[in-house]
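Shared chain: chain A. Partners: chain B in the first complex, chain C in the second.
What follows is the complex of A and B.
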């Protein structure tokens, strides 16, 4: 499973460093300094517009479904506390107390908006940046070689690891272990049992990779060459400048207004 | 080029892997290393590239290994990169970068080469190994054969003097094997690399190598040119012969050779020539072949146990084409069928549909007359057992006993019944002496048997085996097939996915050829193999006896060495083969 897909949007042409800095850091912090639901909704719409602009495939759109489910489920936890405001509904379930009030709804929606914004920003980076460009982007932040190599290996192998876990589950299913039936405890126990084969399979795989890295000269003491080393161009500089100004402007405005 | 001088290697567990090895490999030699699994072949490879002792914790070495003047124990493997290139067995996990181009440049980047030199070498290697079209592709999208070819190309980038290949074709289909072997042959013949090639498949590799070294129990038990290897009676005990050599020896046929005097033929063409020299030009086909090992003792196929009616399936990502096109198949009780075809033909998908791991898009699947959709996972497991190619995916318990009993405990059977069934099955598969061992620490063949036992114990009506002989040496492969045949003779219905055509010819009476999600042929093995050249487009490489039968234009082909030899030893032919009658 490859998240990156080549296309001709402006974001596809940006350097990995630019995208990580602007979308991964600056834009990620802005929602934390937004207090009004309208502001968060506005930013969410901007992110969604950018997402549409990069023209993701149908399969990439499907990835928003688990994001929506997860953010909605997590936002429900806000109905277990009393945030004040107009009370619409209350139910006492012993240890738990469910409260639906105007403030609870607002807090919950804000949380959902933030989650969705962060996920969309994350997708914007991953869908428009090849693994190699992400690694080069991280390298520009001054991260040491072993960290960038680890990130590159994680990006290379994560889909294979998911495939291995799925095969382990399949191997248990054909022995009558159904992960879709039974109560929560039974399912958890069954799922936990897959960890043993997963661990053994991964240990063997990682051993191969470790040998392969050594046999390809990884970890040598000499200075490393970067064969692929894209430069930060004018477009990147403009995007970084505008992103920085936007972030700074938001912080300044927030000192004077409730945004 | 490579010298082992009184070299011994012992692992931290105390297990001695190589004992006082003395070996010298000359520059430009193509050395084939073979022998039983666990005999020390990989240890020998890792002692050449330096992974032993530097990367294998607790390994203790005595004596020395020298490669191109470098004492391996004194040089770290990453500094030996420009001397020894290595290709490992696992095609997926040895490629560490995202695209082919990144993979090729990675080692030189690590070595700090300037980019213009990397460019120059890249152009040269890509041209040599003919992978221009793959250069910008993701390593995830390549076939197994292409991956190994990229791994070989990545080795060549550092201009090594020696290339060590540790079972590079073990996990590949016949097409992938051919692709990799072609590349290795080119490396040797055209560019003169010194090659150390570890593998089990003698049938394919023997004709091309200069020398065969047989390693067993940490010792070199034979070291000879391939055509003289079986002159040593000890080797005949240790190592089953490739089919061509076996046929030649059974008929007492040798080739005249200037260098060696008399030698074994190594290819079908050489065997045909040797027989032709003895006057056997085009012998008559066998009159009637019924006593084939796979046909003898068979339980006649009973009522339909599995019925696939117009089954279709498509993976979500494949929007244009069906993976399984409308497919009809009937498997009767007590049948033994092989499913063959190239990678991607739909073999695994078909089995996943039968086992319920995938749901068909259309059509109907009946198991013992009932629609499969009505069965829960545990009910289905009682009807159909699926043994995965890699047994490591299966094992969840700490002892062989618990592992085999696991499926039964899920079904909540009484302890006494579980105990009785586990003991019966482990005895049948001869793993009863390992009941208290950890399944992950057994040998590959034993692990496979534990995996089969853990399915067999649930007494399924059908057992589906995915490549049960892959990666096993010839002796273990035969043992495994004997176990499977025994299960079949006891009345189990068996479906086996395999790429090993010799196994199909020797053991399996019914063959189903799949291509692009459709059944191309479904008939007795003899009938399918009679198609000869028609099988080529499906990347099916026929065993030497079948090939010879076709060369001689036999309408009734021989499937096994025994059948073939029997035909040639009928009285009128025996006279034409000098000494043949006595040998056969």
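What follows is the complex of A and C.
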């Protein structure tokens, strides 16, 4: 999984810890307690502006399509309850009632906005931070090394796993297993023929990983196997301070206005 | 000789070792990949997937790798969210649910002696109870954080999760366990103790 791309935006120069703290935690709570559609739409626009600022490639823009589809399909659940407002459409499906009313549409849109804001904030972290820096950021939060090491390995092996599955599928294809024709059931049965070889490829790979980790001194104290250790600099401190102030300002505003 | 350190004597030292990390990564990758594939089935109930085949695998990782497999389930779920840009910070109870899905079967497998039918029934009942508790946590996450109306959560989503999670795990997990445990034992990855 390689969502990161190098660029010269301000976010690219920040420490992983700063980005996880500000975009992954502090700003994540803001939409959670926002109840007005206009406020959420405004915040969504700000997040979109930040997203444009980091100059994602066309491929990175395409990643928003599954996010849009997922948030839309998830928001449909709100039409199963009666939230009041002007009724536009109602269908009785026995146990369920599909109700399309003004309040239902608003609630559903609010949910979509929230999901999109959260996804954009998270993409800001993922697109501007390498896997290594994400792990370094998590380390700064004080997580134990075995957790950060597991996350790091899982991120690394995600793309290798896809590669392994493709290799096994190619090998099976050469042996005459056709994955490109037949109905869904036939294809599923044929795909099942890759499961055991894939499992063995994984196990072989992980046995090697286990040896490598043992040699690297995994779990032992005072080992010196990490040479990459970026520091939190002045820019990070300013961003954390400003992020904290923004969050506090929003909390104060929330006491006086309905946002 | 008795005062020799573990490194001097060549004995494996206590604590987290490469084996535990590898167990977590295996669980995370397989569980995460299963969720990722099924995430694109275009029918959703809130943030819950209508089809959740990963629930079948969850008890197996708990049984094979104990607490490490259960922790791997949490990492796997986070990984599958990260890939599609979903923020794991808004699913704390759902992540805890993934842990319980592995934790309860893992501990039950090591506590039950499997000497008779009654023991097997106790084991299945415990695993089912664990799955039900985990679905309650997912439902609470939906109601409290995603703010989905209570009647939809408890009237539609939670009952459906008993089919997609609890029932499917009760049917398919034992089959997969019988089929795959031999491979796991041969590979030397099976953890006899719950804590490894």
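We adopt the following convention: the second predicted complex is superposed on the first by the 211 of 259 C-alpha atoms of A that agree within 3 Å, B and C clash if a C-alpha of one lies under 4 Å from a C-alpha of the other, contacts with A are read in each partner's own complex, and residues count from 1 in each chain.
The working rule: a residue touches a chain if its C-beta (ideal position, glycine included) is under 8 Å from a C-beta of that chain, and two chains touch if they have at least 3 such contacts.
What you see is a predicted model; the values in this text were computed from it and never measured.
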* Who does A:8 touch here: chain B (first), chain C (second), both, or neither? -> neither
* **Which of chain B and chain C A:175 touches, first, second, both or neither** => first
* To do: Please work out whether A:158 is in contact with chain B alone, chain C alone, both, or neither, and reply first, second, both or neither.
  => second
* To do: State whether A:210 touches chain B only (first), chain C only (second), both chains, or neither.
  => both
* Once the structures are superposed on A, label A:218 by its partner contacts, choosing first (chain B), second (chain C), both or neither. => both
* To do: Pick one for A:130: touches chain B only (first), chain C only (second), both, or neither.
  => first
* So, does A:258 touch the first partner chain B, the second partner chain C, both, or neither? -> neither
* Asked: So which bits of chain A does chain B touch that chain C touches too?
  -> 153, 155, 157, 196, 200, 206, 209-214, 218-220
* Interfacial residue positions of chain A with respect to chain C in the complex -> 1, 24-25, 28, 32, 63-64, 66-67, 69-70, 73-74, 76-78, 80-81, 83, 95-96, 111, 115, 118-123, 126, 144, 146-147, 149-151, 153-155, 157-158, 161, 196, 199-200, 202-203, 206-207, 209-214, 218-220
* Asked: Once bound in the complex, which stretches of chain C touch chain A?
  -> 13, 15-22, 24-26, 28-30, 32-33, 39-40, 42-47, 71-72, 75-76, 78-79, 82-87, 89-90, 145-149, 151-152, 156-157, 180, 183, 187, 189
* To do: Write out the stretch or stretches of chain A touching chain B in their complex.
  => 2, 59, 130-132, 152-153, 155-157, 159-160, 164, 167-168, 170-178, 181, 193-194, 196-197, 200-201, 204-206, 208-220, 222-228
* To do: Going by the contact rule at the top, pick out the chain B residues touching chain A in the complex.
  => 49, 51, 54-55, 77-79, 81, 85-86, 88-90, 92-99, 102, 105-115, 118, 138-140, 154, 158, 316-317, 352, 355-357, 376-378, 380-382, 384-386, 388, 390, 392-397, 406-407, 410-411, 440, 454-455, 458
